[in-house]
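Working notes, beginning with the structure itself.
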Amino acid sequence: MDRAKLLTAVREKQPLVHHLTNWVTIYDCAQLVKSLGASPVMAHAPEEAAEMASIASALVLNIGTLTTDFIESMKLAASAANVRGVPVVLDACGAGATPYRDRMVVSLIESVRIDIIKGNASEIARVAGESVKTRGVDAGAVRGDLAGIAVELSGERNCVVVITGKEDIVAGGGALFRIGNGHEMMSRVVGTGCMAASAIGTFAGVCPEDLPGAAVEGLVCFEVAAELAVEEARGPGSFRELLFDKLASLTEGEVSSMRKVSR
Amino acid sequence: MDRAKLLTAVREKQPLVHHLTNWVTIYDCAQLVKSLGASPVMAHAPEEAAEMASIASALVLNIGTLTTDFIESMKLAASAANVRGVPVVLDACGAGATPYRDRMVVSLIESVRIDIIKGNASEIARVAGESVKTRGVDAGAVRGDLAGIAVELSGERNCVVVITGKEDIVAGGGALFRIGNGHEMMSRVVGTGCMAASAIGTFAGVCPEDLPGAAVEGLVCFEVAAELAVEEARGPGSFRELLFDKLASLTEGEVSSMRKVSR
Amino acid sequence: MDRAKLLTAVREKQPLVHHLTNWVTIYDCAQLVKSLGASPVMAHAPEEAAEMASIASALVLNIGTLTTDFIESMKLAASAANVRGVPVVLDACGAGATPYRDRMVVSLIESVRIDIIKGNASEIARVAGESVKTRGVDAGAVRGDLAGIAVELSGERNCVVVITGKEDIVAGGGALFRIGNGHEMMSRVVGTGCMAASAIGTFAGVCPEDLPGAAVEGLVCFEVAAELAVEEARGPGSFRELLFDKLASLTEGEVSSMRKVSR
């Protein structure tokens, strides 16, 4: 599918995006999907997580407020998604903050097929086996080449790897993309990282045949809307509100004129 | 009680509205109640759900992110509410999306007295036994006469039935009401359906002797505030903020001049 | 540390503030911390609650939507915080509403060291053993001298006691402070009480050696920002948004010129 047309495809196909996510930003993830014109659903009961995943177009897993039972529901949902070919996005939220998170992420990755792993620098570095520390859910310092870490993890796990930050990195299918969109304000608002994963999942839901492309376009649209929101925002409160407004009114023209993607 | 005075009654009596609701829109349900001038509380622990329900003026149950344990707490709360004559509202959120949801809704309806069942077209049709599909938590297509389905379910379950949509239908006490208020924007914002149930519960808390009337007035006030919010909104983000502002400043005059209710 | 410089210290040190809090206002607590320039994290799994607490600068416990398992995780987190000398703040949200809440609060206070107990009038009076009733999570009437109750509880439990209301009372270290900042609008917005506890925790994270001072300054900064937000707010929705904006742009000058603290 023409990548430049993915935003329109999201609005026309209105993919159902199933989430097993954290309790802090669950509203923001749902409204992000809704603002893009798609349909969010959150259902974590083990009795239905799999069934909901199999009627969905994409599944987004976020371990921000994980528990062991919750991870088990994620496995049930992801296994069902795997069977149906529904793309699975994992936000490794907080990986590197505690050994428990690291164990749960590894357990997830080795139990089910994760199509796209997304995190900040220290989260992804930790998933890749580096000895780094994540400060709660905020990125810690990472030595060395982030792009190299993304490419290696992508090859090792045969999935798309997304590292969000001042510059976002998307590695997958042998290709490497760098995205220069976004704004520092996003780091001062809770949930922008989680919403980025939901945006990626929403685009993956209409473009399962090109997941690196879906990840890039989902991030670009989200971050272009964020740049438009920052222009009018007076702080993190008004930014959050404007972000949902701008996502809903975002045009292909705005995206194509503002996109900063390099290979 | 004079239906036109219910909004004033809510602000004067400030009913305590207990919720066992979903984790996506729990803030919105609480702020909806607070903006109307009433007092929300959310407490789901089985050790206290019943006690909290018995000191409340109304109980709102919403199965959006249900689990089996959570449904058990709902039964404890509703049983206590039933004993005290506290009106119980059930938002059949997502009924028709998975067999598990359908089983849990039936289990609730058959274990405790539900005074008002509210949902979108496919959720209520599913509760009424129709073979329809709900798309996550968004309404699916329903063949046939919605009003007929509402009236039949109302008689069969001896409760008020509310179907929200472009036109809302309220069936109860042998009467049928159609509400033309609201705006398409509401379908682009997460939580408007859940808030509608909380509005109905809040009004039921001051008018338990006329639940169909309370459901109609709660919906009308909520949707008139939404119409006022849309006039100034630039999208779903600003709409949500304005909705809470307009609910707090809503006057009986605005409601009576804008209400669109037919029998 | 110079109390007047605590806001600057928060922004420079960016303390990690760990929360085990309620599901209604969890976003607001996180964004409050983020808007102040600090770093929030929420993690309640028993396998990691303690570890997260030991890498944090402060721990905030809020029982708003408590369950027995959740209280157990709070004990694990608080015990680890106690060992590391990480300040622990308890928001006795809803104490006095049900016997279960009262039992859980006592169980917490007697199992771990709580450094700062915060609540509204009836919540704190209940913790102090008075026979009062809290209306869900809204303050009920309390006879007698609130300051006396705070001072007595502070001495009895050897901790700082904070009573929020039209006038806030902070008792600790043999001192008593009265804070006149804030605005009635705060009582019409869900989560302001919870955010007050998070503000106290954030300031305690950079000033563990003077917890009464941290509690006072945290409250003053939060309530001065609220006063600034009210000036532009049109209701509870816009107030919430403006509160996060004003917290992010708050200056020491605004705080020192608007602070109303008496001993």
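Think of it as A, B and C in the order they're written, each chain with its own count starting at 1.
Everything below uses one rule, namely that contacts are C-beta pairs under 8 Å (C-beta built on N, C-alpha and C of every residue); 3 or more make two chains touch, one makes a residue touch a chain.
From a predicted model like this one, the values you see are computed outputs, not experimental measurements.
Two copies of one sequence, chain B and chain C, touch each other mainly through non-matching residues, since under half of the numbers at the interface are common to both.
When the CA atoms of chain A are superposed on chain B, the rotation angle comes to 120 degrees, reported as a multiple of 5. Averaged C-alpha coordinates put the centre of chain B at 32 Å from the centre of chain C. Along chain C, residues 23, 27, 240-241 each make contact with two or more other chains. Touching chain A in their complex are the following residues of chain C: 16, 18, 23, 26-27, 30-31, 34-35, 39-45, 47-48, 51-52, 55-56, 240-249. On the side of chain C, the complex with chain B involves touching residues 22-25, 27-28, 64-68, 94, 97-101, 135-138, 188-191, 233-238, 240-241.
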